[in-house]
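Both of the next two complexes hold chain A, though its partner changes from chain B to chain C.
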Partner chain A sequence: MTPFDTYPAGLLPAGSQDRTPMPSPLEIIDARKSFRTPEGGTMTALDGISLKLASAEFVTLLGPSGCGKTTLLRTISGFETLDAGEVLIDGSAVTQMPAHRRPVNTVFQRYALFGHMSVARNVGYALEIAGRDKREIRTRVGEMLELVGLAGMEKRSIQQLSGGQQQRVALARALAAKPKLLLLDEPLSALDKNLRQKMQQELKALQRELGIGFIFVTHDQEEALTMSDRIAVLAHGQIQQIGAPTELYQTPANLFTADFLGESNLLPVTVTSGRGCLPDGQSFATPHAPGEATLLLRPEALSVTPPDGHALSFTGTIRETYYTGTDHQIALETPAHGTMHALLRSGGALPCLGSEITLYAPAQGLHLIDEAAP
Partner chain B sequence: MSLARRKLLQLVGLLGVPTVFLLIFFFGPLLIMLVYSFLTPGLYGGVDWIFSHLNYGRILGWADTRYEKFDPVYIAIFLRSLKLAALTVLASLAVCYPAAFWISRMRPGMRDFAIFLVTLPFFVSLIVRLFAWVLILRPTGFLNQGLMGLGLTGGPIEFLYTDFAVILGMTYVFIPFMFLPLYGSIEKLDMAQIEASSDLGATRFQTFRKVILPATLPGIVGGSIITFIPALGNFIVPSVLGGAKVLMIGNLIEQQFLSARNWPFGSALAMLVMSAVLVLLIAQFRLAKKEAQS
Partner chain C sequence: MILRRLLSLYGLLFFVFVYAPILLVVIYSFNANTLNMMIWDGFTLDWYRQLFGMETSLTQSATFVDSTDQLWGAVRTSLIVALSTSVFSTVCGTALALAVARYRFRLARFYRTLMMVPMIMPDIVLGIALLIFFITIGMNLSMLTIIIGQSTFLISYVFVTVSARLAEVDTSVEEASADLGATPAQTFRKVTLPGIAPGILGGWLLAFIISMDDLVITYFIAGTGNTTLPIHIWGLLRRGIKPEINAIATLMLLFTLVIAAAGLYFRSRRQK
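The block that comes next holds the complex of A and B.
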């Protein structure tokens, strides 16, 4: 509670009345875009996308290949014009503004560094273009290189850098102009796994430190889950669901999101008067509205030991096992539900191939999806 | 036999014959020209084997005998040739740069066809193509008839036998020379870099100056040199489109060999052209080396 909240309305101290909320760093309103295909048809890349950043968030656009992620990013940076809809950056419409005047910068998928320039000139490019003086540019380039962990690399040529270093230069170059919003199009896809994880953490930390919005494109769900404040799941040019990683993972709104994020067991359920009924006759209490629905059971929700209280049980034959170090991944063939996937903590009895076991899931707090199972 | 020796032998076997061939048929004639340029012309053509530096004296200013007399006209013609060749290079650049850009952005099928069109003139005799230009440019030609038909000019304009006609003709002839190296470097241009530049706040012009131009500079330099050299020594275009009025150094050399039959003087003039070309190539080489270092 701020001190002002105690003042009666109309008696607020001068200057405190206009407590207009900070403008959103990015707002997209009903964006539509289609392309003409060479075959003569049209291809809808963005089909009514609306998105609003609450604050300096880390938002990930996640979706399968061709779902319109890059297109959406390019309409924000100004390289694609919308057929309909609006883009607002920091509260002002930029829909008609050419790319070079928009206060956003991009880290391109294959970096797109200027090969004929040194690292320093690459990083200082935006400032050079803006006509800043040499001393200021040099200081800022030094700062930026320090920020991305490449201090002292000013004189290197781009060809003398490793993939990870090039990635950092691209990041420093995009951040040097102090953008209001940073766009990243699959910036980590060319890196090996270790470097990738390191960069994920660094990017996330950097975003917190800078306090600007990041729009991050990936089709790697794990990456999306670990890095994002919010994830927007895209498919067919539409946002399927947007929300915090835990929200999307635990309570997906539709089958696409459930399937796309993580492994899932999707079982058909018929709900009648407060009870959900599985095809094999098992039932559980649910607040869900009556009708056909789908039960989402994540593999890690299944266990070999029955939980306290009412539980669902699934008996079947182990068809496949994979040992990952911390877990055993199991494919269980059940007569009633087909193949189910489970993730069992290792340490217990080793499930052996071909044996019959029963897995349990607590019957409370189950998440139902409003669509009939496929 | 060691591997290194085997490699060496293979190399000699592979490159020996072409090397000897080049030495004899490429450097041989050059050497002959160099030697001839220091000899005395024979009375009825050919050469007398008596050393003379007066061939160069006639061009550069120290010859003062009855037959071998200094005349500033040679240097003037040489300078004019440099100018016309340079203007040809600029004109070809102005045509080829946008064209190469445009063609590199076409659909693959169209692109190959367009490149084929650029090289198409090679399939027709040069003389035939140049006489076609005479038909276009002469006082009663298509261009003048068109201009007069449109009422833009009262009478025919003298296009033929002017510097303009020669530059136009040479530009036309050397466009493929300029186009191909330019196209090579423009096609390799990374579109993502152009977008990155614009993303970082550069206007189209700034992007051109700071990203596109430096990235295509090798093509520009290569195309310019490969156009400049044959343009400088060209004698066919000026003799067809320049007539007696626009003489280039190539015509002068041709005359010395074919009509004046003064081979040593012709050789000296040819050496002048050679040295200009050498200076140019050395300058370009140094520039490229400096570029590679920085």
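The block that comes next holds the complex of A and C.
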């Protein structure tokens, strides 16, 4: 079973979900929020953010710290109120609704488990609050623990659990009340690398299984690329770009996205009548509008063997090499473009530190960013 | 090596200095010598028997009073005062600590500092101030004035104890509770209160012990006819030190230790 079979809506670009009759699990319209800083100034956390989920999407809010991603999440959960704008959950406006009445649940960064309660009472908390009867709660808690792989751990105390187990309890607790939308605030940042990768896969599988929307906040671009149906890249309180991981990686709309998501070589280009011209005089055909632009070359697009047809070439001295097992990462110092990064498949001749090599990139299908290079 | 020995010796001397006088009081309380309690004259429980009004072999001249009614009256007054004051201070101190810790309002830090002041205020100043205050507003000195007066500074102790605990309780736990559908009242009852309960209990016990023990401030605002235990003992001492006092002191010590131990016990149970 692939996600394409079950949740085609999740992979549709924004705007085409109008065909689905179901209301969107989450819609944010022109959200604005600013804080007063201790120094007496104001800090704009959200500067006109609009976002709409197709049903059952896994959307990641990605950005550096202070970009507004956590504030955005907290306006959805109800812990922050907007200065202007609307939040709609499942089609109804919740902008003025306090947190405890909103049909969303959150997995907190440091889990925020109730230390004085057992695992079962933590997981059953929402149902206990809702006044459900004891047997129903017990059954649901059992199901939830089974779901997150902690079956039979009802009676444990929180302190007896490892970090990864606490993470799972937090997840089970947030899902127990069957929320319309699950919010996850950097939930994996406290786990070690192996466990984090395992949880990434499990979370993604869980989201498919449950068929509810996930809003996942992270500053880890790899995590975002691995898990998301769509990624919203945030900076300075605005969405820089939103789209599928491949779209964002291959065709970033601006320099910030290109730079933040993955490694990149950004070269200045002058476009005149259908041809892009690099500073060293090489040129290539492009449909881009005339003017100053930036050429994006991902490190893996460069290779030592020239491709068929027209190619761009970059000659320089190898300044650094890192061997990662599958690849050699190299830093190439070129006279015309400064330091360039390349990722070469291992297996070929080992690039030698200080030696001079030429790398090639096919001159077709190059992505230009409509911004002058930094 | 020598330095370590010296340090150990210093540590030992320190504890001797602190605890020897207290230990002596306990030992003297079992001394049968009626005339000079510094000289050991055999073991006896007579001083305790005397306090509880039982038959003893003691002569009249050896004791302070022929009846211990006054003593037990003072104990009763002290217990009533300590219980009322500590409960009142705990409720007010906890509420204040919650307000200062959880709500953002102007001058919050100023109020926090203001709450510390009664603890460093000289007892005599506070005693005089309270006395003048009660007289000015025309309130007769009674058990009520003791309770009000002691509460003014005991609230601070509870405030500090509960605040320390509150600082440890992660606010995200309260947010998690709200997120899972709990109203602010439910969150307070099910999450916040259990979280700070050890602090509240600790603050309450502290307030209780300090109230039982307070002499200076209470002395100013007690008036006549409301003798607390410390005031009663002070009164006894003015007629010379008699061995009976050792028994009273030992019982008070025991009482305080039991309460402190109970506090520590509950605290460790909560933190497990």
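Quick note on the criterion: the second predicted complex is superposed on the first by the 354 of 374 C-alpha atoms of A that agree within 3 Å, B and C clash if a C-alpha of one lies under 4 Å from a C-alpha of the other, contacts with A are read in each partner's own complex, and residues count from 1 in each chain.
Criterion: a residue touches a chain if its C-beta (ideal position, glycine included) is under 8 Å from a C-beta of that chain, and two chains touch if they have at least 3 such contacts.
Owing to the predicted nature of the structure, the values given are computational and were not obtained by experimental measurement.
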> In the superposed model on chain A, is it clash or fit for chain B and chain C?
Replying inline: clash
> When the two structures are overlaid on chain A, which partner does A:T71 contact: first (chain B), second (chain C), both, or neither?
Replying inline: neither
>> I'd like to know which partner A:Q159 touches here: chain B for first, chain C for second, both or neither.
In response: second
>> Under the stated touch criterion, which partner chain does A:H116 make contact with: chain B (first), chain C (second), both, or neither?
In response: both
> When you line up both complexes on chain A, which piece of chain B, out of 1-9, 127-135 or 145-153, runs into chain C?
Replying inline: 127-135
> Residues on chain A in contact with chain B in one complex and with chain C in the other?
Replying inline: 77, 79, 98-101, 104-106, 108, 110, 112-116, 125-126, 129-130, 173-174, 177
> Which of the residues in chain A come into contact with chain B in the complex?
Replying inline: 77, 79, 98-101, 104-106, 108, 110, 112-116, 125-126, 128-130, 173-174, 177
>> Quick check: in the complex, which residue numbers of chain B touch chain A?
In response: 190, 192-193, 195-203, 206, 210-211, 214-215
>> Which stretch or stretches of chain A touch chain C in the complex?
In response: 77-79, 98-101, 104-106, 108-110, 112-116, 125-126, 129-130, 157, 159, 173-174, 177
>> Quick check on the complex: what are the chain C residues that touch chain A?
In response: 170, 172-173, 175-184, 186-187, 190-191, 194-195, 270, 272
